[in-house]
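Going in written order, the chains are labelled A, B and C, and every chain counts its residues from 1.
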């Protein structure tokens, strides 16, 4: 009796799992393509490229979108929700190309993970927001206030450190707290913090809802500020240099195109981000130079400057050589805007 | 084969340093109804376990002729089996399905639980459960019934009813019975031979025979006299007593 | 009337009334919060739900989460119950393994996330692994405890009626532990559902947990709340399904005492 019932349940459960597996992996799609005469030889190769759903990484989904129509190679943008998971994926060798903040790439290199910066993702694109009810016009007004940053390893922290020394504010005079970027607009409107510095669109959200006021754009503090770079594992460079070159060209052309087709770029990228298209559009267009997708070749001096601040603020324990870190050999000489054949 | 079904010879048993049974000798013949009585913890159940072969004696020997069945105090029914499945345990190796069904039907009729075949033990009253236990023990081939306090979990009136039920069942299905009980009344009403065990280490001092047709009335003078005698031999000075059984003996 | 408790009509209506009350209060509160990006109203959430359902993301996330939780949970059940049975009947195995199992049981499955990513990458495999880690040890321990709780008299009955070791395992031990094991399955299934959501938040690129995490990162509180509601509803349905196991006639006894 008991076993009869349990067997029934067992079969029911196995059927349930099988149906779920079928729905999940949809094997008929592969079947379909093989029925249509496509063999494994013509199967499209692909490379996963990691990114976070921030406006700074816009060129990654755009490149994904552009390569969908490619007949021989696809770049699949893999959305991550945080940098630690991304780092673990790189360490395990499952992710070989990704967008990443520059100090983190240096930290990885310092720890012996052979990654190289081959290109930049964007320039500028971060914003300092303050409470509109406080009369704050510079960093001196922020003395004794609570200032949120994404993390001590973030480039925003490095930038604000540099600006503080320019304005003569000591590091201990501002009360820094680490906060996940999505919580920053809410914390500001609840007055739990007085200011924050973060990549878009987490600043634009507060701006649009009127609960935050822009104090500085990154470009005002540090023109052509480098935040994120395209980081590639040396394994991929050694194994498939042509794929890396393709990727860099794709990012460059996507950036060139997005620079001048901002509304269209917002429309393409919004579904990749699960964000309001209106917010993405706002970030890209008001003002247009809030974030820039041009001049993406990093110079040694620029990176060295970030490196030195990172070393000084204790993010890096020992110096990292720029020769080992940067590889500019994949950057195309001429960059044409990407054309879309859809 | 002789008519001596059970032969207990010079058996002593101890758990660690505690001697529970000392030099017990007992012979039981076919068709006899033996009751082993004594205060709780005196070693009655140990003696039953030794007879059933569940435990081996520290010294001495026990020989058994014939097949044994055990009736437990309570919850000896397997709760995940229905009444009919529980009763069928004793004949589960029977190949002939027709014969099996016939025997099961007989057993259910015997205990008057028609209509309850598909019930589970937890859906029955305590008395009904004990009847199912009896039916299970009596179904299939067996010679000896070992009963360990079979009615002690029941209320008083049900217990008295179950004694008559047991007598009736044994008339239908004669078995040699060894009943372990602390209920002297029960022993006096049911047994042909009553063996009182002394306190630990238990040994057999006397035995009392009751030669009276069954079913016996609880108030039959022979029964009440036997209760009286047993009380005195088990617990001298307990009469007149405030104990339940003592009062009843006095009332009669 | 008062003593007899509640009738069927009340049983149906009362929960709905509470639900309605919660939704109306929620709506009223949301009227006083200026920005729906901080506190979405039920209407926002409803349209968010339609957006998710319409785009096909909801179906995809739902299937992903259910697949992971089912696969991980099955793995835990089919390895955990036999191991628990074995440890339950073999004092040697129990003595050797119990401390280790207890140790792992006390680790939050979420602590394994970095290793799950390192070993299995991102996607189905790490989530299945984490669910397995969440469900396996409690199931093993519950099975061991259940075996320990079997009254000795059942085994005696088994040997009285001439069962061999295999028959005792099949006809006594297993049926005797079934009610307790099923109770633990209900608990661990709920636990697995909690863990899948948490695991997808970190080591996923789809699934309901990822969906609400992603909605948070995308500052879409309406999608976040609609995801929360779907997760809660599925959890309730999973338990309703598993509760049917306790209705099996030869298991019912375990819940009637």
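The definition used in the following text is that a residue touches a chain if its C-beta (ideal position, glycine included) is under 8 Å from a C-beta of that chain, and two chains touch if they have at least 3 such contacts.
None of these values were measured; they are calculated from a predicted model.
Asker: Give the label of the chain whose average Cα location is farthest from that of chain B.
Answerer: If we average the C-alpha coordinates per chain, A ends up farthest from chain B.
Asker: Ranking chain pairs by how many C-beta pairs touch, which one is first?
Answerer: The chain pair sharing the largest number of C-beta contacts is A-C.
Asker: Which chain is the middle one, judged by CA centres?
Answerer: Taking the mean of C-alpha atoms per chain, the most central one is C.
Asker: What whole-number Å value describes the gap between the mean CA coordinates of chain B and chain C?
Answerer: Result: the chain centres lie 48 Å from each other.
Asker: Distance-wise, how many Å sit between the C-alpha centres of chain A and chain B, to the nearest whole number?
Answerer: Comparing mean C-alpha positions, chain B is 82 Å from chain A.
Asker: Determine the centre-to-centre distance between chain A and chain C, using the mean Cα coordinates as centres, and give it in whole Å.
Answerer: 34
Asker: Hunt down the residues of chain A that sit against at least two other chains at once, touch-wise.
Answerer: 1-2 - these are the residues of chain A that touch more than one other chain.
Asker: Note the residues in chain C that touch 2 or more other chains, in rising order.
Answerer: Chain C, residues with two or more chain partners: 175, 178, 249-251.
Asker: Among the residues of chain B, which ones contact at least 2 other chains?
Answerer: Chain B, residues with two or more chain partners: 80-81.
Asker: Any idea which chain C residues touch chain B in the complex?
Answerer: Counting only chain C, the residues touching chain B are 151, 153-154, 156-157, 160-162, 172, 175-176, 178, 249-254, 256-257.
Asker: For chain A, which residues count as touching chain C in their complex?
Answerer: Its residues touching chain C are 1-2, 5-6, 9, 13, 16-17, 20-21, 23-24, 52-53, 78-82, 84-85, 88-89, 91-92, 94, 181-182, 185-186, 189, 201-202, 205, 209, 211, 271, 273-276, 279.
Asker: Quick one: in the complex, what on chain C touches chain A?
Answerer: Counting only chain C, the residues touching chain A are 34-35, 37-38, 55, 57, 63-64, 66-67, 70-71, 74, 114, 117-119, 121-122, 124, 174-175, 178, 201-203, 205, 210-211, 213-220, 223, 245, 248-251.
Asker: What does chain B use to touch chain C in their complex?
Answerer: 54, 68-70, 72, 75-76, 78-81, 89-90, 92-93, 120-122
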